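Written below as structure tokens is the structure these notes are about.
The letters A, B and C name the chains in turn, as written, and every chain counts its residues from 1.
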Amino acid sequence: MRSDAHEFKTRARDALRDPQLREALGRARDGFVGKRQKSIDRFPDFDALRERGRRIKNHTLAHLDVYLERFERQVVAAGGTVHWALDEDQARQTVVSICRQAGACRVTKAKTMVGEEVGINAAIEAAGMEAIETDLGEYIIQLAKEPPSHIIAPAVHKTRQQISDLFRDHHHGGDAARALREVPELVDEARAVLRQKFLSADVGITGANFLVAETGSIVLVTNEGNADLTHTLPRVHIAIAGIEKLVPDLDDATDLLRLLGRSATGQDLSAYTTLVTGPRRSDDPDGPEQFHVVLLDNGRSRMLGNRFRDMLRCIRCGACMNHCPVYAAVGGHAYGWVYPGPMGSVLTPLFVGLERTRDLPNACTLNGRCLSVCPVKIPLPDLLRELRGEQNAQRLTPATTRYGLRLWGMFARRPRLYHGVARALVGLLGLLGRRRGRFRRLPLAGAWTSVRDLPAPQGQTFQSAWRAYQRRNER
Amino acid sequence: MNHAREEILRRVRRALKRDADSVVDPDTARDTAYASERAPRPTWDEKRLQRFTERFEAAAGTWCRVSGPGDISGAAVDFLHGAGLGQKLQLAAHPMLDTLRWPDQFKVACVQRADPGLSVGLSIAEAAIAETGTLVFWSGPRAPATLAFLSEVHIAVLPLEWLVDHMEDVWTLLRKRDGFPPRALNLVTGPSRTADVEQTMQLGAHGPRRLHLILVG
Amino acid sequence: MNEQIRHGAGTTVALFVTCLVDLFRPSVGFAAVHLLERAGFRVEVPEAQTCCGQPAYNSGDSITAAGLAAQVIRTFSEYDYVVAPSGSCAATIIAHYPDLLRHDPALQAAARDLADRTWELMRFLAEVADLEARDTTFEGSVAYHDSCSGLRELGIREQPRKLLSGVHGLRLHEMEDRDVCCGFGGTFCVKYPEISERMVDDKLDAIRDTGASTLLSGDLGCLLNMAGRMHRRGMQVRAYHVAEVLAGMSDEPAIGEGRKR
């Protein structure tokens, strides 16, 4: 998918001025944070489980080649087909060609972030087929022609009124006679419209929450049941997943499911957790005739070999963005690509390139709340700092910042000079600010004083005051 | 795409500083890394059944209990009657349901694939998990996946002896069975739901609006 | 022996002043000295210190940061205890120097050694000095802001509360979302002032809702941000570093307040 991450600043500014968005984000933040906390309070030792999750993913990544091959063997043994895609292009081509060979007209989709990453919908539509999102949130933003703003709740930024307007415009030929105000009315209408799509789809596309090497299964987690209708009803099922989604066996998947539900929505387990293995068996009454898995690299193998391997542990629960105060202020669209929030601020530069994503690693206070809730303990602040280092090394940081820091560094490494200049400067500012105690405006501090006063220095540096104090005591 | 396969595996091995012939034993490494230790799991003081029903109810499921398989139809009729859900029902083709007797006015169809026009489906769970209040369905001729997802109301039947504590116990139990894993193994915890509109929980997003369980034994 | 160390007994502590305290609010440094001396420690302030290098480190300039880290390591090599009145600067030394200097094994070892000897002030007072603030009085209700680095990188949460609980007349009111960042974030607050504004405003609303008349925190960076915004909004809450209140130095004008003639 095309990235608009370079527009972060303008998008963030627009978002901050959008009262409906503020209302939606506030509601979401309080809901997600509270529910997660409640569910982990009931768990005996959630930190030990997080450590387990970290180790499971680390081990799997350290043996990824073996587990990928094991998974592939098991998929084939179950009658399925594995496709490998180096990049977005290959993934799109693979999916479109499977759809074409199936003679598909209509393709239903259950929410897949990797599908968003490679831009599957646009490719399917360009090939003359209809692609319909079936997760209610994804469906809403598909109607609105917007990308998701959250990986678990794609339409979290939309209010009920906005959704109601969308449904009025798109359903029943724009007939406006019905009430469509309350949540049940909206959900029921989407259910009825999408039920017809489910029943007439030729191909169903899902993502995968986990790929289980032991059995060649994909694990799908939803609350709506849409993924199950997506893979059960059409003739062909395509699952698309990043290569990092592997886990060794079902017990490992179980540990990670315990982490996922609690971290994402505060549920012990989502309403529907499904293990899909191969296509319809000879005596099965339902299920697709073909089962395809598309394994996507798209930069993941590169991350495996560098300082960003930790990021491949991500299980896409959304807890980091739910706990991020920057995300809560600007919402998901400001980040400009598929993955928002802290995990997105690491992933987007790695996938899209540092050059067009300069703001993302910097728009963070490194407060570490994301790390404290991450179910697999990804050191997100460290990775963001690491990206800042890469930016600096590639001279993508503004020259004023780079030279400013170096100059200040040289200065700070000469303590005598530093203390002398500091004493003079602080003395001046202390004098100027003595009566009011703060500055409303100050040359060179415009960014600070644009939103807050600058408290005035007390007038002496501690170093000079301390030396004076000691001299007095010695006498 | 064969090229892509080799290229991805080559890149992965290069990142892991290995070549294709390196001898790697992930299973031993896995034991050392974590698998030899028991994973932290939820624990509870109450009896298994009590834990199960408590979690099942927390997930918005309803349930009743009967003493034997012969009473399943009576319990289903009572439930449908009490909830005003009519007298039409589609059943999975499961031996446990073959010999059930239904009131004359009931239209009961034994189906291989759910008819989306009919609103109530009844099928047998293969196991259940006390930890989470979860029912486990094994897709196949005896339990069409469509029954559990296309019905407006899903009635599930669970013989009590198939209730286990944790999800791992389900794997231990089912791994031994022929044909494991089935095409779809559905772990169902309550009826379908969504919170995609303003974070408000609404039941019946795409799957059943209600999930009713008949515990047998 | 153990008891003696716990209660100072003339052991020397080096104060890592932090650049913000040095420049903006030396009274915090004096408060720290006062508290350490009250606990029986002798305090030295090495003159060769300037800054821990965090601004450079967090901006991705690890060369500049490593140079400053090496200077800090040298300056404080001879002390058993190094104490900083800031969770953020202490965390830079304790949690980040060893990784920052990973390319130089000798320096990294020295960084680990320094990390083992370095303490954030509140933690040091509560856990090493065993200080009780029983002879201090502060009449008023306070809200306490946990700085993110101190809270999550050093586990500082109960220590300042325990110390404050000994102050006569002080009533602590906990705020909602107390583990959420105030929007300072070092250079973040000047790079993204509008986002920072929303964050600090949310924080100020939470402070206002406690009804407290004073805001305390263990990090001057957060305090400058919050106090500056409170003044801009015309909020009548006074801000102090927690050490100032513990040391009984709250007769000083609060952060951002002018001196009466």
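Just so it is clear, a residue touches a chain if its C-beta (ideal position, glycine included) is under 8 Å from a C-beta of that chain, and two chains touch if they have at least 3 such contacts.
These numbers come from a predicted model, not from an experiment.
Averaging Cα atoms per chain gives one point for each, and the point farthest from that of chain C is the centre of B. The chain closest to the protein's centre is A, with centres computed as averages of CA atoms. Rounded to whole angstrom, the centroid-to-centroid distance between chain B and chain C, based on C-alpha atoms, equals 53 Å. Averaging Cα coordinates per chain places chain A and chain B 29 Å apart. Annotation: 33 Å between the Cα-based centres of chain A and chain C.
Counting partner chains per residue, chain B shows two or more touched chains at no residue at all. Taken together, the chain A residues at the contact with chain C in this complex read 9, 12-13, 16, 325-326, 328-330, 362-369, 371-372, 382, 385, 387-393, 397, 401-402, 405-406, 408-409, 412-413, 415, 418-419, 422, 425-426, 433-438, 440, 447-448, 450-458, 460-463, 465-467, 469.
Note for the complex: chain B touches chain A at residues 1, 4-5, 7-9, 11-16, 18, 24, 26, 29-30, 33-35, 39-43, 55, 59, 112-113, 116, 131-132, 134, 139-141, 144-146, 148-150, 166-168, 171, 175, 179, 181-200, 202, 204-208.
Within the complex formed with chain A, the chain C residues making contact are 17, 19, 21-30, 33, 45, 47-51, 53, 55-62, 64-65, 67-68, 71, 99, 148-149, 152-153, 179-181, 183-186, 188-200, 202, 224-225, 227-229, 231-232, 253, 255-259, 261.
Within the complex, the chain A residues that touch chain B are 24, 27-28, 31, 42-46, 48-49, 52, 55-56, 58-59, 62-69, 78, 83-86, 90, 94, 134-137, 140, 153-156, 159-160, 163, 183-184, 186-188, 190-191, 194-195, 198-199, 215, 217, 223-226, 228-229, 231-233, 243, 248, 250-252, 254-255, 257-258, 265, 267-281, 283-287, 295, 297, 301-302, 304-306, 309.
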